[in-house]
Amino acid sequence: MTEGQQKSTPQDVLKQAFDAHELVTISFSGAEDVVLIDMACNISEEVNVFSLDTGRLHPETYRFIDQVRNHYGIDIDILSPDADALSAFVKEHGLFNFYQDGHQSCCGIRKVAPLGKHLTHYDAWITGQRQDQSPTRTELPHQQIDIAFSDERRDLMKYNPLSSWSSAQVWQYIRSNNVPYNPLHDQGFMSIGCEPCTRAVGPNEHERVGRWWWEEATKRECGLHIINVEEESQ
Amino acid sequence: MTEGQQKSTPQDVLKQAFDAHELVTISFSGAEDVVLIDMACNISEEVNVFSLDTGRLHPETYRFIDQVRNHYGIDIDILSPDADALSAFVKEHGLFNFYQDGHQSCCGIRKVAPLGKHLTHYDAWITGQRQDQSPTRTELPHQQIDIAFSDERRDLMKYNPLSSWSSAQVWQYIRSNNVPYNPLHDQGFMSIGCEPCTRAVGPNEHERVGRWWWEEATKRECGLHIINVEEESQ
Amino acid sequence: MTEGQQKSTPQDVLKQAFDAHELVTISFSGAEDVVLIDMACNISEEVNVFSLDTGRLHPETYRFIDQVRNHYGIDIDILSPDADALSAFVKEHGLFNFYQDGHQSCCGIRKVAPLGKHLTHYDAWITGQRQDQSPTRTELPHQQIDIAFSDERRDLMKYNPLSSWSSAQVWQYIRSNNVPYNPLHDQGFMSIGCEPCTRAVGPNEHERVGRWWWEEATKRECGLHIINVEEESQ
Amino acid sequence: MTEGQQKSTPQDVLKQAFDAHELVTISFSGAEDVVLIDMACNISEEVNVFSLDTGRLHPETYRFIDQVRNHYGIDIDILSPDADALSAFVKEHGLFNFYQDGHQSCCGIRKVAPLGKHLTHYDAWITGQRQDQSPTRTELPHQQIDIAFSDERRDLMKYNPLSSWSSAQVWQYIRSNNVPYNPLHDQGFMSIGCEPCTRAVGPNEHERVGRWWWEEATKRECGLHIINVEEESQ
């Protein structure tokens, strides 16, 4: 990551991604990464967006995803886990084993596998990750090769347009531009994931405290962004 | 339905089902049909139970299903919709089209198809339907051939042990036997289905008013029990 | 109570009260007794209504009382407890002693004393009590002398226009006439009093189970209607 | 305010207050000013605490005040508004006129008058105000003469031990010392006042945005601390 990249705006990074690749898709989690969709719709007429529907999102998040779909007039690929894999896993472990066994297996079936399958159709994807979110994201660049989901056929590029923005900048954008946002953010939620694995944070708590709070902070990646952990441990 | 059947207790009907068939499964919706599981566990050592996980249940219902699994020490088959069919449907129609187009297509993908696939492994299934629930269930017998899910290979039998019990009798059983129940029942919910398609009912309202309330009362079957409608219209 | 009285409609009883007395006031608890206000506004141009603001009502109830005030264009006397008596009581016993010591003392300060003071200005008052609410109300007449609040100067008359109506009749009136109602009724609440002393009731539970549920059913009168208990024990 | 004062810890200021005056009382709002009680109980065996019970606090706040009473084993003076003044005001203006007319009159009756009456029994009072809370509090000293509530008889001193602490410092104290806190803080609430006049704040919003949000930021004092506004405008 060069210094020049650091001074790029999120919109610059988005343009760069759209210019460099034909098949680009934006990852939308149903949280404040909605700003990427807002920016993208101002830049490009055709925007590919997907959401990982784990089957365990908050009712508010489902409503918000649909609101975004209607507000921007875009289709959203809603990706579901494989029925048989999920059924076998849940029959053996129950619906809440992550509290005992960690969230990796559940995320593997509900998020990582559907994501991997979907990304095979694209050359690049765009995420809302930020350096200020987590100890595993402090070095996050604007652009990187996603080694986890690349294959022999091609390198998959991953763009993180918001990597050097602070949470405050994201929220200023949302409020200034009247971007719709998940109503859970007005009930103490900062980061938003699956319902059983997300909680509201208290005053002056860090946002990622609300995710998989029963696990260590350095393990709070769900596997979508596993390269953050892998690269760090090299 | 003969008079003799009418006088059978729910437990009699359950025993009858277990005696008559080797492969029997109990449908558990995450609501007051938990009484069937309680009764069955008192009758038989091995109880097959399944739940249809539409991906849109209340967080409370997921917790309750897991509580029942642990309380009775049973495995529960949690059936998920086919990922590709669901993804294609939701991409085209959004996540809430049932409010405009009716609930049949959504229930078809999220409930009826997984149910049909599952029932092919059984000779009989057991449901918690009651005559007092709906104008489409007033003639519901204790036992019937399920023409909707039978095939050339065999007739599928369907047992409705609670058919002639009132809601009051079900709740008396729950309270007398300390059967665990979905906490939504203490927030005004009578009948419980998918989160966007269920609401609490007001004082002195009929329980099924809280299901698909934007549709006509005679269309409030989700397809699991479509023979109720078909037989009536003959 | 004669048979003739039993056949009177609530409206008949209201008219009777308005005709018989100059100074009549309607007690409004913020619950389904709103039907009395609706009926009274159709009968009389000037309607006196009061509510006992214990300082512990649900936020929803305060909003509902104000909604009723605006909807019917009426003033409502909102009666508060005596500041010094309350302060002394709470300093000694805390804010929740009713769970240990019973609700009578707290109701005495927050409800009965302000009520008694208010009723000295009237010749009659009107309540929403019904026979089907409680074992202490099964003999409740349409009209009675309120011995608890009468004094040497005059007998205070008490009218219970809804005494022989069922809960179902009250709710049919509310729904047929689009009478505004407390939104708590759509969250499982039947009877509504103070927030710490009221809870939602479950399916097929009796409405008064939600009031002072930690005490015996025969003691669930707050002192407003103490003559129900006194007359019974004679 | 001298530089020396600025370097005093909150505990220093508390000690100073307890040493200088015989009759000192701590104002407890039911929010994060609970740290004052925790600190005071470590310094002094006899601690005087009062709360203004406006009659419109959140149910959670009443429970929290009682929890604090029990946790620290202290009496708390719970001050209520004058019944007649309140009743007359509410009869004329309704229960929510502050949204139209501003909050000053309502706060005047429910908070300022009971406070003034109470403070006549003391020589000094202690508050949880902080400079970082509001544009009206940026110059807030550790100690000041409270001109609003002084009288001919004596000057009333007002101590603000937390004036130079940040919100983050307060919360670090709460979490490090396992101080009980209002559960509303885990639902997005920062500052907590009356229920209709407080709301949760969104991510990266300033805490006082959640108080009287329909009024200008420079008018968001309730009258308890009116000298902040008066001194500023001199």
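Going by the order they are written in, the chains are A, B, C and D; count residues from 1 in each one.
One rule holds for everything that comes next: a contact is a pair of C-beta atoms (placed from the backbone, for glycine too) under 8 Å apart; a residue touches a chain by one contact, two chains touch by 3 or more.
Everything numeric in this text was worked out from a predicted model, so none of it was measured.
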Contact distance in steps, from subunit B to subunit D: 2
Any chain that touches subunit B and subunit A: none
From subunit B, the most remote chain by mean C-alpha position: D
Approximate Å spacing (C-alpha centroids) for the pair subunit C, subunit D: 36
Centre-to-centre distance between subunit C and subunit B (centres being mean Cα positions), rounded to whole Å: 41
Distance between the centres, which are taken as Cα means, of subunit C and subunit A, whole angstrom: 54
For subunit C, residues contacting two or more additional chains: none
Chain pairs in mutual contact under the definition given at the outset: A-B, A-D, B-C, C-D
Contacting residues of subunit B [partner subunit A, same complex]: 53, 55-56, 58-59, 62-63, 65-66, 69-70, 75-83, 86-87, 90-92, 94-96, 114, 195-196
Touch list for subunit D against partner subunit A, complex: 32, 167-168, 171-172, 181, 185-190, 200-205, 207
